[in-house]
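Got a structure here, written out as structure tokens. Questions coming.
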Amino acid sequence: MLINSTVYENGNPVRHVGIPDISENLEQPGRFIWVALLDPTAEELTEMQDEFDLHPLAIEDARHGHQRPKLEEYGDTLFSAIHLLELVDDEIRVGEVDIFVHPRFVLSIRSHSTQSFAVVRARCEREPELLKQGAGFVFYALLDHVVDSYFQLVEHLESELEEIESAIFAKSAARSNIERLYELKRKSTIVRHAALPMLEFVGKLHGGRVPPVCQQSQEYFRDVSDHLARIAMAIDSVRDAISTAIEVNLSIVTIEDTEVTKKLAAWASIFAASTALAGIWGMNFEFMPELKWRWGYPVALGVIATVSVLLFRRFRKAGWL
Amino acid sequence: MLINSTVYENGNPVRHVGIPDISENLEQPGRFIWVALLDPTAEELTEMQDEFDLHPLAIEDARHGHQRPKLEEYGDTLFSAIHLLELVDDEIRVGEVDIFVHPRFVLSIRSHSTQSFAVVRARCEREPELLKQGAGFVFYALLDHVVDSYFQLVEHLESELEEIESAIFAKSAARSNIERLYELKRKSTIVRHAALPMLEFVGKLHGGRVPPVCQQSQEYFRDVSDHLARIAMAIDSVRDAISTAIEVNLSIVTIEDTEVTKKLAAWASIFAASTALAGIWGMNFEFMPELKWRWGYPVALGVIATVSVLLFRRFRKAGWL
Amino acid sequence: MLINSTVYENGNPVRHVGIPDISENLEQPGRFIWVALLDPTAEELTEMQDEFDLHPLAIEDARHGHQRPKLEEYGDTLFSAIHLLELVDDEIRVGEVDIFVHPRFVLSIRSHSTQSFAVVRARCEREPELLKQGAGFVFYALLDHVVDSYFQLVEHLESELEEIESAIFAKSAARSNIERLYELKRKSTIVRHAALPMLEFVGKLHGGRVPPVCQQSQEYFRDVSDHLARIAMAIDSVRDAISTAIEVNLSIVTIEDTEVTKKLAAWASIFAASTALAGIWGMNFEFMPELKWRWGYPVALGVIATVSVLLFRRFRKAGWL
Amino acid sequence: MLINSTVYENGNPVRHVGIPDISENLEQPGRFIWVALLDPTAEELTEMQDEFDLHPLAIEDARHGHQRPKLEEYGDTLFSAIHLLELVDDEIRVGEVDIFVHPRFVLSIRSHSTQSFAVVRARCEREPELLKQGAGFVFYALLDHVVDSYFQLVEHLESELEEIESAIFAKSAARSNIERLYELKRKSTIVRHAALPMLEFVGKLHGGRVPPVCQQSQEYFRDVSDHLARIAMAIDSVRDAISTAIEVNLSIVTIEDTEVTKKLAAWASIFAASTALAGIWGMNFEFMPELKWRWGYPVALGVIATVSVLLFRRFRKAGWL
Amino acid sequence: MLINSTVYENGNPVRHVGIPDISENLEQPGRFIWVALLDPTAEELTEMQDEFDLHPLAIEDARHGHQRPKLEEYGDTLFSAIHLLELVDDEIRVGEVDIFVHPRFVLSIRSHSTQSFAVVRARCEREPELLKQGAGFVFYALLDHVVDSYFQLVEHLESELEEIESAIFAKSAARSNIERLYELKRKSTIVRHAALPMLEFVGKLHGGRVPPVCQQSQEYFRDVSDHLARIAMAIDSVRDAISTAIEVNLSIVTIEDTEVTKKLAAWASIFAASTALAGIWGMNFEFMPELKWRWGYPVALGVIATVSVLLFRRFRKAGWL
């Protein structure tokens, strides 16, 4: 579905054009066209391939989706596949945007995502002096927007981690903690797979041999690169903390097990001693003089109680009870 | 066994040739011959070595099999050994294909595998404008086909992992989970050993110093490279998840152990208290006034029941029962 | 808030200048101005951007804060973001200082930190022969001061680790140990995130292609680099030791569990044997000759005692008691 | 001890020479001499140093032995130290061979090993057209022979691992498994330390700047390199599997512990319930009407049996029994 | 404290000189002076700085000590800080030696260490033909001596590891094993921190761009480098083995726990069965015909014994007893 298709000149929108008129607008120097598609049909993709003369392998990738984030040069045209991550019902949904960047055009193809890029276009049109840098700046603005959405996810992961961390030490909910930690790790892997390859390829858009279409906006790509490095660092921290938290959770469970075993041992001893004593005085020997004593029973009860109290004290002192 | 041996000119099949006629067809410019062997005998290999003038070390490798995936240049000829992986009875069977690529010929030697390359040949013949790129494109098409089969395996691993993951948290089948995780890790190692060295050497077929025979198809090799990078990433995720799952499974088992210990401790306490009380009233002292009481027995039962209920409540409150 | 703004010539302070007079002082050769801001307002930042002609992206970073430590070149101007770490109530508080370095000026913008740089200025002014090296030396002096504060934190972490280590083996406080180790790891991550990116970028200030403004002070930056390498090594040691300590703590807990289980098993056996014996002689069979014996009871007690002692000895010998 | 000392010309053995005649044979162009020593005395080494003009540091290394595998260039002479691994009584015995390679001579000094190189010499003499490549080819043949012996060890490790793996899941022999895994890891370390440094230095014998004496045999060294890479990969797999197997073994032990704890808890409950009931009816209250009933005893037994059966069923259902 | 200060010419000692005469001796070509200090005072350091014209940053480092091992070039002068490790009372004491190397002089400043370098000087003077190489050779001799002392420590660590390893499997001393392993890891970290940075910088003293003063002794530095590589490999092995040993120790403890739990469960069952049976016949029902039987008691004892023996056999068969 075509969302928008506008020609820009000197950083300002000139006019909207229909798909069939795209190619003739491409020839005019000093202009570029910015086309946005959403979940396009195979026909729309073929149309775009014809209008913009795109490489069949890139179109193939756009058609299939589920690409690893990447940047490829086909002659003057850059092709970039980027993951769009959304938090839906506490699950991360992975969509994709494929972007073709050429001095004369930008084509963004968004799939499986509700994240609109209208705000990016609005922001660009508010700053014509920057948009003057051309198609490269649009590419930057799109990347920047996506990376910002990653930041929100990373913050979500971090706050979830903090919640679990406090649960580990506060109350005993070992099973749900471990489940949540596992789930958190899975989520962090999704974000990592989105951000890391991107960090790699954005690094090629500043500093060294930069594709011509991005050369004017190098410092902006360095900024994106820096943000991605921060995201990568944050995710690594989260993942490292998850590993440690799983170990720590196991330790806490084992500690609790020991505590229960101690308590069990202590009470078992106390009751067993009482039972053994009671059993002895319950034997049926004829000549058990204490059984005849007037105060035999109270004394027996006293002995049992004393032994129990002594054991109790000893275990309490040893920290078992 | 000779499977097929066809001469191509300008991307179109010209004619089938027998083995003895191969060498004379090699001299004709603008043509290349594509020969496919299956589980060849030593004699067939020697014949090929003579016809195509192959290096003895490469032929040695092809004869022995069980090579690490690799790409080697012997003069103008590329020699590549690649693993063929098939899922047979839930086990991964490792076969091998050795490919010689030269501007004038492609020789593929398949062993221990039922994976036919007839579909590759058919696909190539359907696209003569691409096959025109020559022997390098055939090499690409073969690689692409193999890598696609890896994808299916990776998906198999991923779905198996998901199954185990849900089993870990859902029902207690710790022993079989751990067995399956171990098995899954072993399988992932096989796929990893097939894909990783390949990722490394396919990286040399685009971008930098590319062997002449592959130069025209560079963008296609980049595509294979990209697919392999995705596979490598997916396998790494699977392996990472397996490690975590083993740890988590252990945690769950330990948690369960603690729960059982708690229950044991609780019931042991309740019964032990009852037994100790009953034991006391079972002692044979003469002067135990309560034994004479009319309501002694019901009261005793009441005491035992009360103590048991109190303990039960306390343990339930503490989450032990 | 403007803290200080002084013009230096030949390593000596010449005069204080107000913000509006900054730009005219910038033109005079052989001089540089050193401006220090604390938690500046948006207006102050804009003023600085105008006076020093700073790049909007750098100012954006300074405004937002929470940057990853970094060094960026914008033409002749270096922009560096550095973490300021303070230990407040046993927690590490992360502040930030953003430094712009240019042959004609140094601008330091400190936020969320009580760590004053007045001592750095004092030290610089005490050594005019070094301050003569220019703005680069001021940058070095600031870095050196920050890195020194990191050293104190690392020593704090190391001494905390030592305390926990001795607790692990000395007395059993498994739960608090694990909590403290987790907390320590979290702290070490903060210091690591401050120091590691810095190590990376300070490495670019000596040896290879060094920005002109820092060229004269290269050996000093090598010194900072060396300090950071030491910090990185120390943190890695601490983190490695934490991992091992968590494992070791778990081992100690498990060992303790085994010891308790052994004791439980031993005492349970002793009491159970006594109870079983007493139970046998408590049976109500008519023909139990030993019950009639004169010395039956003492002999029974003797048997029970003997069995208990024998078991006790055996368990003691086996190391269970 | 001198094992062999033969002069080769054009790939064919010309004559055997005694040690004193070595140096004069060195001068003749188109020839090289191949000398093999076994556990040489200090005097023999000094003699060799004089005859071949070897560097004192290399001779020092040969004298001391226990070197890390390495390759060093001393002018035209290559010096290489390589581990010889033999399986003796299920233990890996580490010997060493030091090889000096020079266009005019090969000197191999074998120590602490029964692995004879006679087969290497025989193989070389069977292929004069390859031996014509000179001393470099002899070096290759020696390396190839050693690497082949590593393969056997790796296979030994792999089959041992497989045996242990099946033991982990099949029957419970946790203690011996863990001991064998630890031993296997130790062995794998020995092989790794032999193979990894070798992989590193053999990599310098093909492709880039290759020492002149090895230049003609580059493709052969690439073959050795490839074999070593396979060995390295195999050892890494084994070591990785060992780590996982240790974890898995621990998991299995913990699972077994839980199973035993469950059984213990179940039977303890059943017996404790019976005992408590029996204890109640064993109390000595005067007014316990059921004691007088004609069918009291059978009913009591019935109650005890019913409770036991009910408990048994419940535990079986819960999977505890 | 000045230990020694000798002028060498052509590899032979010429004369001892006092500190004040150093600078005039520096000017004579073909000579160098070798000065050794021990725990110098601040004044002595300043004196040295003046005599040899040393860089203030290097002197600062020498004054403070506790440096990370490093090598720095200040013009023609190399400055190197190296750890001296001594085993004192089973603890590793870390001292330091700072070495300045210049074509005209070597200055070694030893602190916090009893390790004398007199043997190095003696060895150098015994080999004037090597000492002729100049100050670089002295530097090599010092490094070689230090690295040799590291070897002894590594052997100490290895033999300690072996001792612990045998303790893990032989007898049960889990707690002390874990303590010793932790301590061993700490020690290995100290040696590692001494050796690893050194390996890094010694690598710069041969092969590539080598400082002029060391150029003549390159092969000797390569030898040191090789020794350090061996040390690094050995330490890595030790540390890897420690990690595995900690895991294995935990496994052994857990296995032992399971064994105890099994025994406990077995004996508890046997006694509980006896007690339950005895309890049943101890009930006070009037109509319990077997109580009246002449052989009731022996039969009851027989039943109890039979049940016990049956249970015992079953548990023994299951490997629980």
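In order of appearance the chains are A, B, C, D and E, and numbering begins at 1 in each one.
What we mean here is this: a contact is a pair of C-beta atoms (placed from the backbone, for glycine too) under 8 Å apart; a residue touches a chain by one contact, two chains touch by 3 or more.
In this text the structure is predicted, and so the values were computed from the model without any measurement.
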*Proportion of interface numbers common to chain A and chain B (over half same, under half different)*: different
_If I superpose the C-alpha trace of chain B onto chain C, what rotation angle comes out, expressed in steps of 5 degrees from 0 to 180?_
145
*Whole-Å distance, chain C centre to chain D centre, using C-alpha means?*
40
*Any idea how many Å lie between the Cα centroids of chain A and chain C?*
25
*Pull out every residue in chain C that's touching 2 or more other chains.*
247, 250, 254, 257, 261, 264, 268, 272, 275, 279, 282-284, 288
_Help me check something: in the complex, which residues belonging to chain C touch chain E?_
165, 169, 219-220, 222-223, 226, 229-230, 233, 237, 240-241, 244-245, 247-248, 250-252, 254-255, 257-258, 261-262, 264-265, 268-269, 272-273, 275-276, 279-280, 282-288, 319-320
*Spell out the part of chain C that touches chain A in their complex, as residue ranges.*
55, 57, 61, 67-68, 70, 72, 74, 172, 174-175, 178-179, 181-182, 185-186, 189, 193, 197, 243, 246-247, 249-250, 253-254, 256-257, 260-261, 263-264, 267-268, 271-272, 274-275, 278-279, 281-284, 288, 290-297, 300-301, 304
